[in-house]
Structures are given as structure tokens and as C-alpha cells.
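First chain written, first letter: the chains are A, B, C and D, and each begins at residue 1.
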Amino acid sequence: MTRAIAHPRTRYPWFVDIPTRFADNDQYAHMNNAVYFAFFDTAISLLLAREVGYDFGGDRFDAVVENQCTYLRSIRFPEVVTAGVGVGHVGRSSARFEVGLFVGDEPDARAQGWFMQVRCARASGRPVELEAEWRAAFERLRVIE
Amino acid sequence: MTRAIAHPRTRYPWFVDIPTRFADNDQYAHMNNAVYFAFFDTAISLLLAREVGYDFGGDRFDAVVENQCTYLRSIRFPEVVTAGVGVGHVGRSSARFEVGLFVGDEPDARAQGWFMQVRCARASGRPVELEAEWRAAFERLRVIE
Amino acid sequence: MTRAIAHPRTRYPWFVDIPTRFADNDQYAHMNNAVYFAFFDTAISLLLAREVGYDFGGDRFDAVVENQCTYLRSIRFPEVVTAGVGVGHVGRSSARFEVGLFVGDEPDARAQGWFMQVRCARASGRPVELEAEWRAAFERLRVIE
Amino acid sequence: MTRAIAHPRTRYPWFVDIPTRFADNDQYAHMNNAVYFAFFDTAISLLLAREVGYDFGGDRFDAVVENQCTYLRSIRFPEVVTAGVGVGHVGRSSARFEVGLFVGDEPDARAQGWFMQVRCARASGRPVELEAEWRAAFERLRVIE
């Protein structure tokens, strides 16, 4: 097993702060692995809400088809997390969102991962083409490698 | 059933911001009732950490013996909550913490509740007398009726 | 502060098993207080689904207006909880559901609490009268004092 | 983007039932993606507790270094999930656990993923060699390809 390399803060074009909650810590006294995904999910949702006006109750929605997380160093309540988000590959209906979780002014991510999401029609549940405005925003919000 | 009256922001001497997360909303598209307790728990824990240096891994801990919430008006992701906290009755080992959850600059709580907590020794799990410093802090942080 | 008395299993007419999950335990290595409410919520929802065919996506829904929990003795992963549910006071639009959480064959609840719920129309969000079938089921499912 | 192929039930040598909870559903009325990881985490923890006597409070613990989930078809409360678990690659200190989530008697997983875990000493936080008993159990519990 090779050890993963932490992504730097400079990889991400967009940031949002997410404070930890007491119940995020599990009995190992650090944040439970599932909670990292709730942080990723929230960060991506806020990027979509703020940058392309994503309406969570609208007639289209983003379905997560795959996601992943690499854990480099534990996060613990009461730390405040800064989530960095950037867009990787963009397809016809899909986009890959990368997220890194940072604490304080540390340059390296404590954890990093990605969500592959597909834009779908609510009525049919079938993929639809990404809107031009979304595509333009995703170009603007690319991960910086 | 008489309708509860919302507590005003002026009732609380201490505040902390807690943003909502995407997964806080349940299928009714508002924050699930259990999540309000995670907000209360986090707000009280942060008050104790910041005002009396509560060490979550120390040889004493606060056990919740009873808690309650009254729901006045729904909170929904992506709203940011401001939690107001104040101390009610203080006993030999116990204190009652009151919390109100506010959104934006609204004067009235969307939800309000309380936690009765008992200070315990970790080794025995038995109640211990509240430290003088805690007692003094609780006097300073009384709810304002 | 007087110590609460645990409710016996015989108080409840209806039961459902809910296993704990690893992430239910917080850093005190017992189930976090907010999770007890998720157990109550799930037990009441399953009672409504199974006994009166509650449709969670239908044009009426149950809004929680107040809830409460008394903690007698800790529950920890990997324990399996048996939730006992019974109906207390029933009003025109509202009902009070009582829940006790039991482990193994213990006669006394580890925790007990209640949810006051109001039946509402989804379109208006306003209270509606309880259906006759619900009222009949609630009579059948009364707490046994 | 190529569509993932669902793993069959026959891939997994070990199973445990995990019922859904009301709050598992997010506002899309299906289980939130982070909750799938709580299911995986619980299923792996129960396998370790039951098959090799994993003591969650002992002087060694399993750290998750990476995990992943592929979503094939939504799971919704009140469905009951059967989690299938099997062991993939085993290293000196690490093991890869695969999990598939099934509903009813369906032969194909609704979701599938894996956790890479490293056995660590609690005092140092450093990796330690897997115990012989664990290694033997992992051979017995291999995924069936």
C-alpha cells in the first residue's frame, strides 16, 4: 500500500467553511468517516447553489453515482473545516467534483475525495445534458493542477 | 394543545453560528427533528469549551439526563443557524442549558429547547460537585427573562 | 433534581427492533443523545406505516411540534434496541406518541420520551382533523398505565 | 462514463441486516450518500466483532485510510438492507473490505464499495502487523469472484 499524497489548498478554486459538531466524533474521538462525505456533499451543494443557482426542489437534480475519500490526518470536533472544491472531468451529463478538507491555515488537506454526479430529470430519473450555464461555471471552477 | 411562544434572541447571553448541511434535511425538505438536538449539543459543548475550558477527553464529563425541543418554524438547508445559549437552574452537580435557534436577523426562535446535564467523574460515572469556576461562569451566562 | 423512574416494557403495546450503528456512538463511547430521537422518530414512523398505512410522500404529513427524552442508562453500539411505542393523549389533529428503548430482555427502559405530532395538509401546512381510521388505531395502541 | 456493473449476492461470504431509519432519507426521498458509508462501517465493524472479537475500546484499532461507494439503485426508508461483506487484498497491516447492500431477495447490489483499513496501535497511532487470527479469518472470509 503506497501512502497517498495530500492535495494542497492551491488545487481548489472555491472554498466554504464547515464547522464540526459534537456528534461528528465517533468513539475514536475523531470525525467518523461517513461524516467526511456529508462535508463533501454540503460543500458541492453550496457551490452549485451559489455559482449556478441550483434549486434543490427543482425539476432537475444531481444524482451521485460514485464517490471516494482518502484520509490523511484526523479531523476532530471542535475544529472548523475549510472545504476546497474544484471541478475535474466534465462529460455530457456528468461532472466530477473534487473536495479537500483543510483545518486552520494548514497548506495540506486532512482528507480529500471526489463525487461523480449526473444531472437528471426528476420526472424520468434519466440523465439530461448539462445546461450551458453550468458548463461555463465548471470551466471557471476547474481544479488547478 | 396550546401553541408555544417563541423565545426572543434577547433571552440568550451567548451565541454561536452553526451552518446547516445538505443531509440535515429529511424527505420533508426541512431539518430532521433529531438534528436540532445535534445543534443544541454542539452549541452547549462550544459554550463549555470556550467559557470554562471543558476538556472533552478529561476525567470529568457532562452527562445529559433529559432534553427537550419545541419546534416553532422549520429550518432548512442551506440556512445558517445562530444558536443562542443561556443557563437556567443550577444545582449541586447539574445545570439546565437553554438553547434557541435563530435564522438571519429574525428576532424569534425557530426552535427552542433545553438540556439538563450532570457533571460526572469518568472513572465512577457518579455525579460530582460543579467546580467553582463553572458555577461562576453559569451565573454570568444566565438566561435573561 | 429528582431521578426519573424507568418505564417498564409492559407500558407499550407495539414494538420494533432497531440495531445500533458504529457512528451512533460519540466520543464518550455511548450513543449520542440526538440519535435517541432518530430511534424514536423511526419507531413512530414504522408504527404509522404498518398500522395505518402512513404514506410519507402523500398529501398529508405528521409535523413534530415538541419532543423530549429522559436518559436512564446508556445504550452503546453494537447493542440492538427494541423500541416500544404507545399512544398517549389524542386531540383533534394531534397525538402524543410515547417511546421506550429497551436492550436484550431487560424489563426497564434505558431511555424514554415522547413526540407530540400534528397531522397537516402538505399544500397548506395547516392542521387537519385526524382520520377516523387513525383515531381507531390510536385507541388500540394506547400506552398501558 | 461507463456504467458500473452491480455485484451479485454470491460475491459475499458474510451478511448482516441493517434496517433504514427515517432520517436516512434526504430531501430527494432516498438515503443520503453519506449514510451508505455508515452502513458499510457498521457491517465491517460487526464482522470484526463477531468473527475476530474486535474490541472497539482495546489497545489496537482499525483506521480507515480510503473508502469508496458506487450507487446503482436508490435505497429508501423503510427498506431493510442486507449488507454482504467480504475481504479483498490483505497486506502486512492492512485489509480491504468489500461491502454490497441488498434489499429483499434481489440478487444484485443497490450499492457497493470498499474500505481500506490499517491495524494500528492506539498509543502510537502507528500500523502494527495483523494478528495471525485475523489473517486466518480474512482467508475464510474472502470475496468470491
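To be clear about the criterion, a contact is a pair of C-beta atoms (placed from the backbone, for glycine too) under 8 Å apart; a residue touches a chain by one contact, two chains touch by 3 or more.
Computed from a predicted model, the values in this text were never measured in an experiment.
S.K.: Measuring between Cα centroids, which chain is at the maximum distance from subunit D?
M.R.: Relative to subunit D, the chain with the farthest C-alpha centre is B.
S.K.: Please work out which of C-D and B-C is bridged by more C-beta pairs in contact, and write that pair.
M.R.: Ranking C-D and B-C by C-beta contacts puts B-C first.
S.K.: List the centre-to-centre spacing of subunit C and subunit D in whole Å, with centres computed as mean CA coordinates.
M.R.: Those two chain centres are 29 Å apart.
S.K.: For subunit B and subunit C, what's the span in angstrom between their mean Cα positions?
M.R.: Computed value for the inter-centroid distance: 22 Å.
S.K.: Specify, in ascending order, the residues of subunit A that touch 2 or more different other chains.
M.R.: Answer for subunit A, listing residues that touch two or more other chains: 22-23, 25, 27-29, 32, 34-35, 38, 41, 56-57, 77.
S.K.: Using the touch definition up top, name the residues of subunit B that touch subunit D in the complex.
M.R.: That would be residues 22-23, 25-29, 32, 34-35, 77 of subunit B.
S.K.: Which residues of subunit C touch subunit D in their complex?
M.R.: Interface residues on the subunit C side: 17-19, 21-23, 25, 29, 38-39, 41-42, 45-46, 49, 56-57, 77-78.
S.K.: Spell out the part of subunit A that touches subunit D in their complex, as residue ranges.
M.R.: 1, 4, 27-28, 32-35, 37-38, 41, 56-57, 61, 63-71, 91, 94, 115-116, 118
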